[in-house]
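Next up, some structures in C-alpha cells.
Two complexes come next, and they have one chain in common, subunit A, joined by subunit B in the first and subunit C in the second.
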Partner chain A sequence: MNGNGQLVVFLEQLLNGITVGSFYALVALGYTMVYGVLSMINFAHGDIFMVGAYIGFFTINRLTDVGLTASNPTLAIILTFLTGSLGAAVVGVTVERIAYRPLRKATRLASLISAIGASIFLEELVRLIPTIATAIINIKIGGAAILAPQTRQAILKIVGDMGGAMVKTYPGILSNDGFVIGGLFVSYSRILIVLISAVIMVVLYTLVRITKLGKAMRAVAEDKDTASLMGINVNQVITRTFFIGSALAGLAGVMVGMFYLQIKPTMGFVPGIKAFTSAVLGGIGNIPGAMIGGYVLGLAEVISILFLPAVYKDVVAFVILILVLIFKPTGILGSATSQKKM
Partner chain B sequence: MKKLTLLISNKKVLTGFLILAGIFLVCFPMLDFPQKALWVRIIGYAGLYILLGMGLLIHVGLAGMLDLGFAAFYAIGAYTYTFLASTHFNLHVSFWLAMPFAGLVAALAGVLICFPVLRLRGDYLAIVTLGFGEIVRLLALNLTTVTNGSQGIIYIDKPVLFGIQFTEGYHFYYLIFILILLFVFLMNRLVKSHIGRAWMAMREDEDVAQMSGINTTSYKLLAFALGAFMGGLGGAIFASWQGSIFPDNFNLMVSINVLCLIILGGLGNIYGVIIGAIGLIALPDILRGLSDYRMIIFGILLIVMMIVRPQGFLPRRPPKLETQAVGLVKTPLQKKKKGDKK
Partner chain C sequence: MKKRLFAFIVVIAMLMVSAGCGAKTASWGNLVIPKGGEVKIGVSSALSAGYAVYGQDMLNGVNLAIEKFGGSLKGFKVVAVGGDDQCEGAPGVTVAEQFSADPAILGVVGPMCSGSIVPAEDIYGKNHILMITPSGTAVIVTAKGFENVFRTIPNDDKQAEVGVDYLSKSLNVKTLAVVHDSSIYGQGIAEAVQTKFTAAGGKVSSFQGVTRGDTDFSAVVSSVLAGKPDAVYWGGMDAEAALLVNQLQKGGFKGIFFGPDGIKSKPSYVDASGGSAEGSYMTFGAATGASGYDEFLAAFKAKYNGDPVAYGPGSYDDAMFMLKAADAVGKVDANGNLVVDRKALVDYLRANAWVGVTGRFVFDKVGDPTVVTLTVFKVVNGEIVPQKEYKFGA
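After this line comes the complex of A and B, so read on.
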C-alpha cells in the first residue's frame, strides 16, 4: 500500500471514530447528568438506548405502512427521531419513578442492584413482547378464541416489530450517497449524524448553563437538601434530568439503528458500559467532559484498530479507562474538588 | 415479617435451623428421588456461588470496596487450573496442588489491580474492576494461542482423592460442602480478629480508621487478595467440575450475580450469603418451569426486593459491644432480654 492509501485508511478510521464517538457522547451525557444529580450509576441507561432504537424501528415501519417513508422521507426520519427519543425519555422517567425513587435514601448499593434489576427487566421485556402478546391473544374463552384469526395476524405483525429475540433490520432510509475528497468517501448520512449530535450537545450545554432548569440541576447536584431549602423542587429536577438524559440515549439508539441497520435486545449493554467509560474519562458529572470523553474513546478505539487486531478494541477502551483513573482520576475535565464526591 | 426477623435473629433458632439444613444437605444426595442428578447439580452450583459470594463479601461487605469485576478472579483461577491440569499444555498437576495455586494467582491479580486504585474510592473502584473483568474475559476470548479463544478448553482433569476419581456430581457437591464449612469457620474467625475489625472500621469511615492507626493501604490489599483468592479457588473447582471452560462462562453476569446474592442475602453477614446464593442461583433453575419468563421475573424480584427490604434477608447484626456503646441500635435479641429482666 502506498503512503496516500494509508492516509486514506487513517482518515476513514478517523471518520468512523467521530461517528462512534458521537453515539458514545450522547449516551454518556445521560450517565453523567444522572451521576451529577444523584451520584448513582444508572445501570439501565444502556437499555434505555436499546429501547429508543426499538421504538424508532416500530415507528419507521408504521410510517412505511402509511406510505410516508416513500413520499416524504425527511419528515419520516424526523418523526422517527422524535418518537424514539420521546419514548425512551418516558421509559427512563418511569424507571426512575419505580425503581430508583423509593431507594433514594437507601444505600448506594441498593440503588445499584435495583438499577441492575431494571436493566435485566427492560432487556427481557423487549425480548419477550411478541411471546407475551401471542400468549395473550391466544387466550380462549369457552373454547373459542376471542379474536378473529385475521385480527390476530394483524396484531402479531405489529407487535413483532416491538421486540423479539431475533435481530431486526431497519429499513435503509438514509441514502448511501456521499462525496469523495482525495480518495476518501464521506456519506451524507454520516455528516448528518455527526452534525445532529454536535448541535444537540451544544443546545444541552447552553440549557444547563443559562436556563433556570439548568441552574436548578446544578444546585441539586451540589447539595440536594440545600437546593430544596432554596425552593427547588428536587424531585421534579431529577425527573427532568432523567427525561433529558433518556431522550438523548433514545436518539442515539435510533441513529445507531438507522446507520448500522441491525438492532437486538442485548445491543445496549456494551455501548452502555463504553458510554459510562466516556463519562468517567471526561470527568463524571461534567457535561462537556462527557462529550469530549465520548469522542476521545471513539477515536482511541478506531485508532487502536490500525495497530492491533480489531478484536482488541474493547480491551483498549478499558485499558484507557484504567490508565486515566490511575493518573488523572478526576477525568479530563473533572475538577480537583470532586475527591469528596467519590 | 417482624416476627420472622426476630426469629432468625435469635441465635439458638438460627443455629438449630442451620444444623437441620446441614443434615438435610449432607443426606440428600444419598436419597433416591426423581431427577436427583439435576438437583445435586443445582444445589452444588449454588454452593459454588456461596464460595464466590464469601470472597466478594470480603471486598464489598467487610472492606467496603465495591467490586463489579469479581468474575475476573474466577476466570483467572479457572484458567490457571486448566493450564496446569489438562491436555491443553499436557500438564497434569494434582488438583490439590493446582487449586490453591490457582487461588494464589488470582490473589496476585487482585493485588495488582487494587494497587493503582487504592487512592480512589467507591464508584471509581467499581468501574476499574468492571473494566478489569471485561479485559480478562476479552483476553481469554482473543488470546487464542494461549486460551484457545471461544472454542474453550476441554478435557480438564478431575480431582483424585484416595484413588477415587471425582466424576459424579455428588463428589463435587461434597467437596464444595466441606470447603463452605471450612470457609464459614475461617470467615467467622476473621471477622472477629483485628483484621476483620480493621476492615469494618475502614468500611464505616476510612478517614477515621486511618487516624486510628489502621494502615488502610495494607488492609485494603489484604482484603482484595483474600477475596480474589477465594474467587480463584471457585474458578478452579468450576473448571474441574465442568471439565471444560469457555470465555463466556466468565461474563459480567457472573460478577453481577455474585454481587446481587451477597446484597440480597444481607450485606456483611456470612449466613446471608448462603441464603442469597440458594435464592439467587437456584431460583432461575427452580423457575425453569416458567422457561422464557424467568429472567424477567428475576429482574422484577431484584427491584421489589431492594424497595421492600434493602438491607437483605439477613442483615448484619452489629456486634454486642458496638450496640452497647452506641446505645442507639438495638437488636431484637437485646430488647427481648431487657423485657425478661422486668
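After this line comes the complex of A and C, so read on.
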C-alpha cells in the first residue's frame, strides 16, 4: 500500500470515529445533564435510547403502511425522528417520576439501584410486549374469544412492532450511496447523522447558555435549595432536564435504527456504558465535556483498529475509562468546582 | 493410630475396587417413563436475541416431527422442550444441565451452535444423553469422540473447501478478505478458508475478528477495503452478517460477499440487510438421497404459515431418527413403564442407515455423516437460490 492509500484509510477511520462519536455524544449528554442537576447516574438512560429506537421503528412502519415512506421519505424520516425522541422523552420523564423522585431524599445508593431496576424493567418490558399482548387478546369469556380472528391478527401485527425477543429490522430508508472525494468514499447517510448530531448539540448548548430554562438548570445544578428560594420550581426543572436528555437519547436510538438497521431489546446496554464512559471522560456534569468525550471515545475506538485487532475495540474504550478514573477523575473539561455547573 | 491408618487404607482400597467395577460394567442406564408420563425431546437452540430465527426454526422442525410420528412413543405422549442456549457456551451448559437432570429427556436436538456444543457435550457425554445436532458444523464438535454425539450436517472443513473452490474457480476471486465473529464456529471456518484459499493460490488480503453482538463494523470495513479485495468471506452468523454486508456497501464495496451456513436465513440475513445482501453467496450442507422433502415442506407450511429458514428440516430429521430408534429399542415393562436403554439407543442409531427429508445418513464412529452434499446458494431478488452442488464420500 502506498502512502496515499494509508492516508485515505486514516481519513476514513476518522470519519467512522466521528459517526460513532456522534451517537456516544448524544447519549452522553443525557447522562451528564442528569448528573448535573441531580448528581446521580441514570443507568436506565441506555434503555431510554433503546425505547426511542423501538418507537421510531413502530412509527416508520405505520408511515410505510399509509404509503408516506414511499411518497415523501423526507417527511417520513422527520416524523420518525420526532416521535422517537418525544416518545423516549415521555418515558424518561415517567421513569424519573416513578423511580427517582420518591428517592431524592434517600441515600445516593438507593437511586442508583432504582436506576438499575428501571433499566432491567424497560428492557424486559420491550422484550415481553408481544407476549403480554397475545395473552391479553386471547382471553376468552364464557368460552368465546372477545375479538374476531382477523382483528386479533391485525393487533398482533402492530404490537409485534413494539418489541419482542427477536431482532427487528428498520426499512432501509437511508440510501447506501455516497460520493468519492480524493479516494475517500463518503455516504450521504453518514453525513446526515453527523450533521443532525452537530446541529442538535449546538442548539442544546445555546439553550443551556442563554435561555431562562438553561439558567434555571444551571442554578439547580449549583444548589437546589438556594435555587428553590430564588423562585425556581426545582421539580419542573428536573423534569425538563430528563425530558431533554431522554429526547436526545431517543433521537440517537432512531438514528442507530436507520443507520445500522437492526434493533433489539438489549441494544441499549453497550452504547449506554460507552456513553457513560464518554460523559466521565469529558467531565461528568459538563455539557461540552460530554460532546468532546463522545467524539474522543469514538475516535479512540476506530484508531485503535489501526494498531490492534478489532476485537480489542471495547477493551480500548474501557481502559480509557479506568485510566481517566485513576488519573483525572474530573475528566477532560471537568474541574472540582465546574463539575456541578453544567 | 494404627487402626485409623488401616481403616483409611481399607476405604481407599474399596474406592479403587468400586471405581474399577464401575468402569468394567459401564452401563449408560435407562430412560424410564412411568405409566401415563411424558417423553421429552430437548431442543437446545437460540430462542431470544440475534439468532432466534434459527432457534425457533429448529423447535418448529422438532414439533412437526413429533406430530408426524403420531405424537406418542409406544403409547407415551411425546413433547418438545425448548432450552434457550443463546448460541453461547455458558447458557448452553445451563441448558445441558437442565436437560440432563430431567429424567424424562429421551435425547437432545442441538445445541444449535458449535460454541454451545463444545462445552455442553461434556455434560451430555457424562450423562449419556443422546445428542443430535442439525447445525453444529465446527470440526471439533465430533473430535472429542463422544459416542452419544451425532450430527446431520457436514463439518466446516468441507464447507470451507466448497466455499474456496467456488470463490476461486466459479467466481474467479484472486484477493479475499476474511472477517469472523471470534466464535468457535466463525473463527474455525474462517481459519479453514484462509488456509485453503492460500493453498489454492489466492491472496488473503486481511484476516480479522470482530465481536458478536456489535453493531458498528465501519472501522473493520475501512481496514478490509484498504486491501482492495475481490470478495469478503464472513465466518459467523446472520445478525452480524446483515450489518457487515450493509456497512461494506456503505463503505463503497462492490465485490462479492460470501458466508457459511450461519447466514442462510431470509428473515434475519437477507431481509435484515436492507437490500445489501442481494448477490451474496453462502454454502449449506445436507446429505444426498433425501426422501419426502416436498411432503415435509407442505406440512411445514400448513402448520407454521411459512417456509423453514435453515435448520428446520434437519431438526425434523434428527427428532424423527431419535423417535424411530427409541421405538425400535424401547420396551414397555410389566408395570406399564416405558424403558429405553440409552446405550442401545445410540448403538441402534449408529448401526443403521437413516433416510430423512435432508438426506440419507450413515454415521461413522464419531457421529459424523459419511456421505454429504454441500450446496452453494446465491441471493437473487431477495430469495436464496441454489447454484451448485458438491458431493463428498459418494
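Here is the rule we use: the second predicted complex is superposed on the first by the 336 of 342 C-alpha atoms of A that agree within 3 Å, B and C clash if a C-alpha of one lies under 4 Å from a C-alpha of the other, contacts with A are read in each partner's own complex, and residues count from 1 in each chain.
Operating definition for what follows: a contact is a pair of C-beta atoms (placed from the backbone, for glycine too) under 8 Å apart; a residue touches a chain by one contact, two chains touch by 3 or more.
Keep in mind that this is a model prediction, so the values were computed, not measured.
In the three-chain model built by superposing on subunit A, subunit B fits alongside subunit C with no clash.
Of the two partner chains placed by superposition, subunit B and subunit C are both touched by A:V311.
Once the two complexes are overlaid on the shared chain, A:H45 sits clear of subunit B and of subunit C alike.
Touch criterion met: A:I116 reaches subunit B, while subunit C stays clear of it.
In the superposition on chain A, A:I98 contacts subunit B only, with no contact to subunit C.
With both structures placed on the common chain, the touch criterion links A:R240 to neither subunit B nor subunit C.
Using the contact criterion defined above for the overlaid structures, shared-chain residue A:G172 touches subunit C, although it does not reach subunit B. Of the two partner chains placed by superposition, only subunit C is touched by A:L261; subunit B is not. Taking the Cα centre of subunit A as vertex, the centres of subunit B and subunit C in the superposed model span 70°, given to the nearest 10. Of the two partner chains, neither subunit B nor subunit C is touched by A:K224.
For the pair subunit B and subunit C, the minimum alpha-carbon spacing after aligning on chain A is 5 Å. Touched by subunit B in one complex and by subunit C in the other are residues 309, 311, 314 of subunit A. Only residues 47-50, 52-53, 182, 208-211, 213-216, 218-223, 226-227, 239, 242-243, 246-247, 249-252, 268, 271-276 of subunit C touch subunit A when the two sit together in their complex. Taken together, the subunit A residues at the contact with subunit C in this complex read 1, 5-6, 8-9, 12-13, 16-17, 19-20, 127, 165-167, 169-172, 176, 178, 180, 185, 187, 189-190, 256, 260-262, 264, 266-267, 270, 301-302, 305-306, 309-311, 313-314.
Contacts from subunit A toward subunit B in the complex involve residues 39, 41, 98-99, 102-103, 106-114, 116-122, 124-125, 128, 131, 269, 273, 276-277, 280, 284, 309, 311-312, 314-315, 318-319, 321-322, 325-326, 329, 342.
Note for the complex: subunit B touches subunit A at residues 60, 66, 116-117, 119-124, 126-128, 130-132, 134-135, 138-139, 141-142, 252, 256, 259-260, 263-264, 267, 292-293, 295-296, 298-303, 305-307, 310.
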